[in-house]
Each structure stands twice: as structure tokens, then as C-alpha cells.
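Got some structures for you, see below.
Here come two complexes built around chain A, the first alongside chain B, the second alongside chain C.
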Partner chain A sequence: MDLQILLLLGQDGITNGAIYALLALALVLVFTVTRVIFIPQGEFVAYGALTLASLQTDKVPGTVWLLLGLGIIVALLDGAKLLRERRYAKLPPLLIANIGVPLIAAAGLFAMPPAQLPLALQVLIAMLLVVPLGPMIYRVAFQPLAGASVLVLLIVSVAVHVALIGLGLLFFGAEGSRTPAFTELSFELAGAPLQGQTILVVVASALLIIGLYFFFERTLYGKALRATAMNRTGARLMGIPPALAGKLCFTLAAAIGAFSGILIAPITTIYYDSGFLIGLKGFVGAIIGGLASYPLAALGAILVGLLESYASFYASAFKEVIVFTLIIPVLLWRSLSARHVEEEEE
Partner chain B sequence: MCRLPLPALAALLAVAPLLLPEFTITLLNYIGLYAIVAVGLVLLTGVAGLTSFGQAAFVGIGAYTTAWLTTTWGWSPWLTLLVGLALTAMIAFFLGFITLRMGGHYLPLGTIAWGISLYFLFGNLEFLGGHTGISGVPPVTLFGWELKSGRDFYYLIWLVVLLAIAAISNLLDSRVGRSLRALKGGTVMAEAMGVNTPHAKIVAFLIAALLASVSGWLYAHLQRFVNPTPFALTQGIEYLFMAVVGGIGHVWGAVLGAGLITLLKQWLQDWLPQLLGQSGNFEMIVFGIAMVLILQRARDGLWPVILKQLPARHEKRQVATAEILPKRPLAAANSVLLEVHEVSKNFGGLVANNRLSLRVAAGEVMALIGPNGAGKSTLFNCISGVAPATDGEIRFIGERIERMPSRDIARRGMSRTFQHVRLLGQMSVLENVAIGAHLRGTQGVLPAALRLDRAEERGLLAEAARQIERVGLGEHMFDAAGSLALGKQRIVEIARALCSDPCLLLLDEPAAGLRYREKQDLAELLGKLRNEGMGILLVEHDMDFVMGLADRVVVMEFGEKIAEGVPESVQRDPRVLEAYLGGVD
Partner chain C sequence: MKKTLLAALLTAMAAGAQAEINVGVTLSATGPAASLGIPEKNTIDLMPKMIAGQKVNYIVLDDASDTTTAVKNTKKLISEHKVDVVIGSTTSPNSLAMIDVVAEGETPMISMAAAARIVEPMDEKRKWVFKTPQNDAQMSTALVEHMTSNNIKTVAYIGFSDAYGEGWWNEFAKIAQARKLTLVANERFNRADTTVTGQILKILSAKPDAVLIGGAGTPAALPQKSLKEKGYKGVIYQTHGVANNDFLRVCGKDCEGTVLPSGPVLVVAQLPADNPVKKSAQEYVSKYEAAHGKGSVSTFGAHAWDAGLLLANAVPGALKKGQPGTREFRAALRESLEQTKNLSAAHGVFNMSAQDHLGFDQRARVLVTVKQGAWTFIK
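What follows is the complex of A and B.
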């Protein structure tokens, strides 16, 4: 292997690793706050990428129907509760947010061909269509089970993943899509070409990570999430509703997922089920961080990206085998270094 | 455990192939294959509270092992069955070893990763035929009878299903079964009763994996062909769905779930693509949503719903008599049983116990009292090995125990109750108490599955019944433990502790929640135990109860011992009065 290939592969690895790192952060966030192991994280990646691709080919993305469907269910669930409690004043905002907005979005998509819009606006629309699915899914699937064990939440998580994969196939079909590059810029580094898109991914990921850091350190909602992650009961006693914390972190996770999808859509072809493997690689990173440490999770994810990239060069058929077998030594190491105190779930 | 009229069912299954069309037989064959895997998941998830999404990969190990060895090397299928089982056991043991020591969610995550990894491995290894797989797998021959058609194979599959169900039901109704069921209530109680919980978890995972491997072996010889697709993670997830839909706590739920999901899938696969105008695995949308609803609304699955429709069964309401179990030799009267020397326990910066010392002798009741937060329960946890002391020395019958896991301490004759009752609410009082006798039996998994453990089992249950009678709960013997009043649940815990034949009993607030009359009965019982030579260390807030019963009292405040002596002197101690009543200015 000469230096050129080494650099090229490293570039690939870091690009993918940056995406995995974003996903790993989202997974750690969701797990620490809600104890949900968020398997559907990867579906948001695919939904983000494919929604953007649909917009660019002038199709109405199926996600808008999912948004409307889930919105109606949320409105029914919460509306019934409001009616029981006779809090009628809260009804209009609930209906507008969960049914009105998706309806307007659908109407807007039919009225205006989105392919003509500038790229930034398309990205914004795609995000607006996908991100609200996060809190809605939390409300419908997880909130009623907030007190259940990690195991039950994990099974629900897998069930949601399975349903979303099926819906993804229904919405986007079995063919993959690749969106045009955001930038055609290209540089040269030590004889190896350096794509502008690659730089964009790494810079955007880094900015997002820094943004998250400030969100958690400097804003009230960020602090509320950190408090909930540290001690759910304590946070609740301090007036942070667990449902709010749950919805907030699912919103963040959905946003991170969809944005990651949009970032990599020009680099790799995304299929309706591609998100799962991408998300799981984020998981391997998160597990390296013990599902608790953000910096370790991010580093682990970049390691996964690099390993994947070099593995694809040496033994491309066994790329996935190598990446997912990496989890074994990681678990072994964590298991041997773990203290023998087990949390009691009651 | 529920017992269906097995002979009737077996007869029904036996005549089915004579009456049913080929297609139905094929479906039944698949249902049987899936049910074998799902029964293992019932044991793993429903009973032991662990989960694996990678069962399909174990099925794959069983299938690929036999396919490769029979086609390439011409081995006999019966031999390859054993090889497949051995290989599965090794992999499952290794995976279990590295994941089960950590939190409960690492096993499922590990199995997801390993399920994906194995799927890609099957698809990329040249000698396993890559994505096209291996064809030409020979049929199984049984005493010269070649099982070539689906109809022939049907008998073998359902024989295995029934055997698996019988073996798992037997296992659950045994000493090992109780220890597996105890895992769901958290490991602390199980360990305190002497159960080696890491071992128990691995056993549950191994059994589930081996059943999956058998299913894979059957699959390979039924299909006579293997490729990677049926062993992908999606199938692993579907197995778990089957078990959950059917009823994760019931072995027959596994069969029900396998049947329902298989039929539903068949039907949805015909119907959904027509409805949606596209082809694809859309049944997964329905399964996913149904799964969320089931877990939200009816977490026990469908089998309990069906059980409710059946007429109530007559359970055997009697415990067979058996010879009294051998007892441990009594410690010499007044010899020191427990010696706690300068024990400290810190939680980060908080010192919960500070250089505490005390002794308990045989035939003595020692009471540990003090205001809330004085560190009494913490000291109990240090002594019983639940949460080891940070510093200091603890001797039990002359042996250092401060670094031992609680199961080893239990084996040496110490037993305890918990301040927050740790019973398995759905199990009967009898079964709960019998967990206490865990260390007085030795029969393992195989004898239990084959019912060779009955003599010992009778002894253990008779002992449990005796202890229940002794504490005065005979009328509740067959009630679910969770249905008893809290005070009575504490008494059940005492019976469970007594069932282990301890020489030292640690009781954490045994009289809380009891009525006056019940407290008198308890005091009488403890007095009797003391006279038999047992040492008793007890934490209690009811001063009348303590002062009337205890031989000596240790008073704690803020993690330190402030007084020790006979009840009369302690009651007059100015520091004690200050701790309880506030200072006199």
C-alpha cells in the first residue's frame, strides 16, 4: 500500500467515522436520558437522505404521510387526555402542531415542485419533515412505557426499527439514491485527491459536536437533559418532566440522524435499510464508550470508521464481519475492567 | 407451571399428517422449528430476564455445521448434530462470558452484532458456498427409515418440540429452575440465597442457544439445503417477537407465538403487497406495530389470555412428606459466630460505617438500633457480602469473609432477610421459601430436565413447607407471595432464610408492618431459635420488641457505634437518649 492509498482510505475512514461519531453521541444521549437503546437511530439517517433525494427528484416523500399519521395518533392520545382533564385551551395548539403543520407541509409539497428550490431550502424541508418524527415516536411508542425495564424498552426499540424499515421500503422503494454533491471543490493532499464533500462532512460534524457541547453546558434545556441523565427522579423533583426530557432528546437524536443522512447522501448510495448498519456502527462506537462517555464514544466511532475503511481495502468481503466482530474484544475489555456491581432494576 | 393434557395433544399431533394436505404439513413443520427456538427464548427472556436477538445465528451454526460436514466430509447427520451442539455451546459460552457480567443490555447488543457478523461470514466464506449456500444435504435416517418427505420429518420435528417443552417445564419446576426464576428479581436476593448468578445466567443462555442449534440441524435436513438468508438478524428478531406475542413467561406461549406469527406472516405476505401495489416484506410493519402495542397493553402475551378461558385447573395442594434434610452441626453454645472488627464503608466521600466493631455469639439475639440513616442496613450488606466493606475485618466462625461474594458466605451458614422485601411476587410462598434451600440440594440441569431429581426435590419442598408452618403461614403456602400483606411477606423472608439451615440469621426490620399479636408470635419464634443455638442479628425500630427480645444491643448513629450492652444499661445511656430524643440543654 502506498501513501496515496493510505491517505485516501484514511480520508474515507474519517468521513464515515465522523458520521458514526454523531450517531454515537445521539445514542449515548438517548440512552442516558431515557434508558432506551435507540436502535431506530439509523432509520433517521436513511429517512433524512431519502427524503432529500425524493425532494430533488420532484417526488412527494412518503415521510410526509408518516408525519401526518403519527401526528393524528399523538393528537388523539394527548387530545383525549386534555378532554378528560377539561383543559380545552390547550387543544388548538396541540391540533395545529400535530395535524395542521403536517397537512400544510403536504399541501405545500403538492403546490410547489421542490426540485426547483435552492439546495439549502431542500435540506431544511427534509429536516422539517423527518425531525418531528422523533418526538412523535417517543410519545406513541416509548412514553407509555417510561417506567419499564431497559430490556422491554430495547424490545420496543427493535419493534419500532422493524416497522420503520418496512415503512421506508414502502415510501422510497427498494432502489437506492445518491444526491448530488453539495460542493464540487476538490483539493490535493500529498498526491491524494481530497474531496470538498469530505471536508464538509468533517467540518459539519465537528461544528455540530461543538454546538451540542454548548447546548448542554450553556442552555437551560441542555442542563435539564444532563440532570435527567444523571438522576431521573431527582430531575423530576426539580420540575423537569420526564416526558419533556424524552421528547427533547428524541428530537435531538432525530435531528442528528437526519442531518447525518443528508451529509453522507452524496458520498454513498443510501437504500431504505442502509441506516440500520450505519446506526449499528455508531453503536459499536458508543459501546466502546460504555454507553456513557461522550468523548470515548466519538473516538470509538472514528476508530470504527478507520477500521472499516482499511478492512474494505484488504478484505472487502469481510468488511462487516470485521467491524462487528470488533465489538467482541471491546466487550471483553469492558467486562474485565468493569467493577462487579450490577445496577438493580426495580 | 401449567400442564396441558399432553397425551391428548400428542395423539392429535400424531394423526395430523394422515389428514392434512401437504401445504399445511409444511407450515406445521416450520411452526415446530420456530417453536423450538422460541421455547429457548421463553427460558432466557421470560424466566431469566435476559434477551438475545441472535438466536437465528445459533440456528445457522447448527444448520451450517451439519450441511458442511455431511456434504463435504460425508459424516452421519447424528454425529454432526453433536458437533453442531458442541460448537454452539462454545460460542454461546464465550459470548455469555463476556457480556453477562455487565448490565443486562449488553447481551442483546452483543448478540445483535454477532448475528450480523455471522450472517456476513456465512455469505462470504467460499467453502460454505457463499450467498448461494450448500445444497444436497442428505436426509436423516432413523433405524433404516429415511426421513425424506415433509410428512416423515414432521414427526421428528414435533417430537423434538414436545421433548423440549417437557424438559423446560421440568427444569422450571426444580431447584435449578427456581434459581433461574430468582434472577428476574435481581441478583442480590439470589446470591444471598447461595445461587451462583453468573453461572445461572450462562446456563439459561446455553440452553436457549442449544435449542436453537437443534432447530437449525432439523432445518438443514428438512430443506436439504442451506443459505445465509434464514439466519439473518431479522429472523432473530422475529423469534423474539414469537415468544413475546405468545407469552414470554409460558413454554406453550412459544408454540402459540410461533404458530400465530408464521400463519400471520403467510397471510400478510399474500395480502399486503396486493393492497400496497408493491412487493416487499411489509408484514414487518404490522409485526413491529403489533409488538409495540402488545408490550404496552398486554406484556404477558396471549397465552395467559387463553388460560383464563380454560376451566380452572386443580393444582396439587399438598406437599409430599419426606425425610428431614441433614442439618449443619450446631456451633458450641456461646461460641463467637460473627466478629466484625473496625469495619468502614464509604460511598464516595460519604462514610456510612466508621470503624465499627461488634460480636454475635451462638444462642444470642443481638439487636442493632439507631435512627434512620445511621448505617444499619449498610452494615448488614457488608456482613452478608452484598456490598463489601471498604476497610476492616469480618470473621464468620473463624473465617475471614469480608471479600467473599454473598453466595459463599451463605454456604458457610449465614442467611438474611431484606429491609425492602425481595420476593418473587408471582411465585407461590412455597416456591419462594424453597429458594432458601438452594444450597441444600445438588441436582443440576440434566437431572431436573429428566425428572431424576424428584427425591431431592421432595426433600427440599418438604423442608420449605416445614419452615412455612413454623413461622405460622401454613394457610398461605400456595398463595402467590405478592398477594400477601407486607408484614407477612417479611415473615416469608424469614422462612426462606431459615430454609437454608443457617447458624446465624440477619433480620432487617422483621417486625415492621406486623400487628401486635403477630409481633408476639415473631418474638416467640426468634426466642425459640435462640434457644436452639442460633445466633440472630437484628435491625429493628420497635423498641418494645427489641428490648423484650435482645440479649445485647448495639446503638449506632451517623455510622458509628455509640453504645453497646444489655438493654437496661443501653436504655439509660445518655448518648443514646440524646440520639433518640435530642439533647437536654
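What follows is the complex of A and C.
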């Protein structure tokens, strides 16, 4: 093994690690705010990538119909509540947001072949189709159970995961897709070739992480989310509605997932069920951060990426074993070093 | 009065049901093997609804590519639906697990999975089991012949880290070593992997003349793309597991020049007119494409079609010895399947015997290359 191989493996590990880090951050965010261990996080990666791929092959992605279906359910749920409370003025915005927008999106896709649009616009459309699924899923599956125990929320999260996988198979088929590269650029770094796409992934992930930092530190909504994460009851007493916090963090999680998917779609083939394993590796990273610390989770995820890359070189048959075994010493160390704090007070 | 009427009705229904042949199917229409299972499922719909004047019912269950579910489905088909024959499953692990169940239920089974171990070594249990896809050994021999005649001395292997990749490595390594090829690397990757850079770097540092990728479906495109990206110039071989159009779509221009063995059905239009398989393969392709659109056909669905042909060929003989739904019929069907002779199917010509429950010879494989994004027949 020479320096070049070492560099190439490191480069590969960091690229994957950057994606895992994004997902780990989303998982930590969702868990701290809503106590949901968000297993379907990976599905947003697959949905983002495959929606973009269907747009590029001039097919109307099935996500449109899911969006419309979930929109109608949300509109029914919230509409019934508004009617009961006689708040008629709020009805039109609700209907427009949940049914009108998906309908316009579907009509737009049928009217105009998306394959001709510039890449940036395709990415934007794909994001617009996938991201609203986040808050809608929260509204339908998690909000009615917001006070339930972590275990119940985990079970619901598994159910959502299975449902999304099944729908993914229906929408995108069993075969994978790959999107064309955003850039064909290629450099030499210390004798090792470096793909422009790789740099794009790392830079975009870094920018997104910095963006998230400013969101949490400098904006009102970000601070509201942090407050909810620290103390749910306290935040509620200060006038932060828990439903809003939940929807907001699911929107962020969906956006991070879909964006990660779009980033990696040109470097690997994505299948309807690829998201799960990617999400699981992000989860290992999040566990290293104790599902609470953002910087530790991001570092943990990059460690997972690097470990995976070097393991694939030395012992490819045991790669997955090595990556997931990492969780055992980490858990041991965490349970020995940290004093266990009982979070549930039921 | 009412009771006797009911009893009469029930006996009539039971008698009616008995005269019908029940075919139980378990396949992987969802889960990791879905790209193989879906065309198989579509093919079941095209199978004959009447064989030798008997109505045939197909009971199709999905095992989600999961071994436990495949076993559960088989038990259900045999004990609840009282099927006369089981077709399935899509993958080798599933089919291997089903052997015990069908042997206990004394029901013949026709598998659509490739592993040779499904029908070898022949024993008391496997005598109930038949299969339609070619053995990996047959396919490996074709590849090794191509390698030796093209002056290749060193070969690296990268395959799935599951039964498929392991099976291919075992068969390929055996034959390659016998033919004096040097195997310089043996790597594994997962279906769901997003990168294989590590494995590819290791292969490249061994400097092989050729690389064989032992994967099925579109995931097998990943090592090929990585090899090309890192500037590999040697010959790349794939296995028959990639023989569908989705692979070409995902792999794109990186697949030019790839060589793989396959069932003749893949390049049926290019086969010489005297090929014994051409007509029977063409029949399947035109039926499937009529139902699902041009270019939709895959070699995996053809394995299911072949299972149907075996069945249609064996039923008339078995009907002479027993009524469908009885133990005698199932035993007779098994014997009848074992006596299949010169049956031209989509993938080859079946000649079964008590020892050989596959019955394919070299007519069941062709070598194919990718030229300008299309499968092209070599020999």
C-alpha cells in the first residue's frame, strides 16, 4: 500500500463520511426535539435521488402522488379540527398549502417535460417534491402521538420506514438509477486523481453544516428548536407550540436527506431501498455523539466513513461487520463514562 | 334435508376442486431480489390456464426475498392450498431452505434460482427438486474458455458478499485453476454499497489482465464504473446475473466491451437460424413483449417460463397415473418431470435424468458482449 492508495481511500472515506455526517445531524436534531429515532431518514436520501433521476428521464415521479395523498390526509385532519373550532378563515390557506400546491406541481410536470430544464431547476423541483413530505409525515404519523414514550415513537418510525420502502418500490421500481455528474471537473492532488463531484459533496456538506449552525444560533426559529430540545415543557410555557417545532425539524430532516441523496446520486447507484443502510451508518455516527451532541455526531459519522473505506481495502468481506461493530465499544464507553439520566417522566 | 344438501354441495365442490391442478408459486416480488422476481411474476400471468384439458390455478405468494417467508409460504401452499407442484423461489438461499419442506410434503418443486446445490448432490430430499437456471459451473466454463483463448493470464475477482458471489468464486476458482489462470485478488462488496473504491484499488495494485465481477442486476455496475474511473484498461467480465436492460441503462458507456455468459434468450434475435433454442426463446419473448411492451423482456422471467414449460410437458404423463390433488399425482408428476427429454425452452434444451434435475447442456449458454449500449452475440 502506497501513499496514493492511502490518499484515495481517505478521500473516498471523507466523501461518504460527509453524507453520513449530514444524516447524523438530522437524526440528532429530530431526536432531541421530538424524541423520535427517525429511521426513515435514509428514505429521504433515496427519494431525493430517485425523484431527480425520474425527472431527468422525463417520467413523472411517483412522489407527486404521495405528496398529493399525504396533503389530502393532512387537509382532512386539520380541516376537521378547524371546522369544529369554527375558524373558517384558516381553511383556504390550509387547503392551498396541502392540496393546491401538489396539484399545481403535478399539473406543471405534465405540462412541461422536466428533462429539458437546466439541472439546477431539476434539483429545485426534486427538493420541492420531497421536502414537504417531512412535515406531512410528522403531522400524520407522529403528531397525534407526540406525548408517547420513545419506544412507541420508535415503533411508529419503523412502520413509516416500511411504508416508505414499499412505496419507493412502487414509484421507482426495483432497479437503481444514477444521475449525470454535476461537474466533469477532475484534479490531481499529491499524485492522486480528485473528482470534482467529490469536492462538491464535501463543500456542500460543510456549507450546509455551517448554515445549520447559523440557523440555530441566529434565527428565532432555530432558537425555538433548541429551546424545545432542551426542555419541552419549558419551551411550551414560553409559547413555542410543540407541533410547530416538530414540523420544522422534520422539514429540516427531509431537506437534509433529500439534498444528501441528490449529492450522491451521481457517484453511486441509488435503489429504492439504499437509503436505509446509508441512514443506518449516519445513525452509528449519531450514537457516537450520544444522540445529543452535534459536533461529536458529525465527527463520528466521518470516522464511520473513513473506517468503512479502509476496511473495504483490507477486508472487504467484513466491511459491514467492522463498521457496525464500532457501535459496541462506543456504547460501552458511553454507558461507563456518562451518568445515565432518565429522560422519561411517565 | 338442509344438511344433506350442504354435504352434497360440499362434495361436489371438493370433487370440482380435485380435477383442477393447483400450482403454488412463491417468488421475490419485493425486497433485494425484486428486479428478478417482478419479471418472474409477470411471466406466471402468461402461463397456460389449461394443460391437457385440466384447468390450472396459479396461487402466487410474495416472499419479499426473505428465507423465512419463503419457507412459510411453501408450508402454506402445501398444507392449506394443497398444491400439486411448487414453483420458486427467486433466490438460491430461499430455494435451498424450501427443499426440506417440499420433500416432507412430497410435492415436486421447480426452482428459478441458480445455485447448483439446489439439485446437487442428488439425495432422498432433492429428488423432489428441479431447477431451470443454468449452473454457475456451466457459465464459468464458458468464461474461462474465452479468457484462455484471449491470452489472459491473471484474473482478479470481485463479487457480492452473499451466496451469489461466494458460489461464483468457488466455481470460477476451481475451473480457472485447472486451466492455469492465476487468480490475483478476491474481493467482496455489498449490493447496497455506495462505493467500492477500496476493493478496486486493491485489485488495481495486483495488475490483473482481466477482472470478473460476480454480481447480479444493476449493483454489479458499481465495480465496473469504479474500474473505468480509475483508468483500468483490461477486459472486464460480468456474470449472467446482469443480463437485463436496466444494467445497460445504469452502466452506460462504462460497459462497452464487457463480456458475459448468458442464456440464449438474451440475444434471441441475433441467434443463427439453426440454433435449437431460437424458436422456443422467440415464443417467450414475443408473448412477454406483447403483454409488457417492447424491450421489457429479461432472462429472469424466462426461467419462470421454462418452469411452466417443464410443467406443461410433464402433466399429461402424470394425469394417467392419478388425479390432481392426490399423493399419487404428485409422485407421478415428479417422475414425469424427471423423464423430460429434448424439451426446447427459452434458456436451452432440457434432458433430465434421475441424477440431473437441471438437464441443460452447452446449448443453454452463449457469450455476449456490450456493443454500443446493446447486448451483442459473440458465439
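The rule we apply is simple: the second predicted complex is superposed on the first by the 341 of 346 C-alpha atoms of A that agree within 3 Å, B and C clash if a C-alpha of one lies under 4 Å from a C-alpha of the other, contacts with A are read in each partner's own complex, and residues count from 1 in each chain.
Definition applied: a contact is a pair of C-beta atoms (placed from the backbone, for glycine too) under 8 Å apart; a residue touches a chain by one contact, two chains touch by 3 or more.
Just so it is clear, the model here is predicted, and its values are computed rather than measured.
Because the two structures share chain A, they can be overlaid on it, and in that overlay chain B clashes with chain C. Touch criterion met: A:I327 reaches chain B, while chain C stays clear of it.
Judged by the touch definition given at the top, the superposed model places A:A317 against both chain B and chain C.
After overlaying the two complexes on the shared chain, residue contacts for A:L154 are found with chain B alone; chain C is out of touch. Contacts of A:A174 after superposition: both chain B and chain C are touched. In the superposed pair of complexes, A:Y138 makes contact with neither chain B nor chain C. Once the two complexes are overlaid on the shared chain, A:L9 sits against chain C while remaining clear of chain B.
In the superposition on chain A, contact is made by A:I267 with chain C only, not with chain B. When both complexes are overlaid on chain A, the residue A:L277 reaches chain B and chain C alike.
Applying the stated contact rule after C-alpha superposition, one finds that A:Y47 touches neither chain B nor chain C.
Within the superposed arrangement, the part of chain C that overlaps chain B, taken from 76-84, 130-138 or 202-210, is 76-84.
Once the two complexes are overlaid on chain A, the chain A residues touched by chain B in the first and by chain C in the second are 166, 169, 173-174, 277, 317, 320.
Within the complex, the chain C residues that touch chain A are 30-32, 34-35, 37-38, 158, 161, 187-190, 192-199, 201-202, 205, 217-219, 221-222, 229-230, 244, 246, 249-250, 252.
The part of chain A that touches chain B in the complex is made up of residues 37, 140-141, 144-145, 148-152, 154-156, 158-167, 169-170, 173-174, 277, 280, 283-284, 287, 291, 317-318, 320-321, 324-325, 327-328, 331-332, 334-335, 338, 340-346.
Residues of chain A that touch chain C in their complex: 1, 5, 8-9, 12, 15-16, 166, 169, 173-178, 193, 195, 264, 267-269, 271, 273-274, 276-278, 309-314, 316-317, 319-320. Residues 45, 49-51, 53, 95, 97-99, 101-106, 108-110, 112-114, 116-117, 120-121, 124, 186-188, 234, 237, 240-241, 244, 276, 278, 280-285, 287-289, 291-292, 295-296, 299, 387 of chain B touch chain A in their complex.
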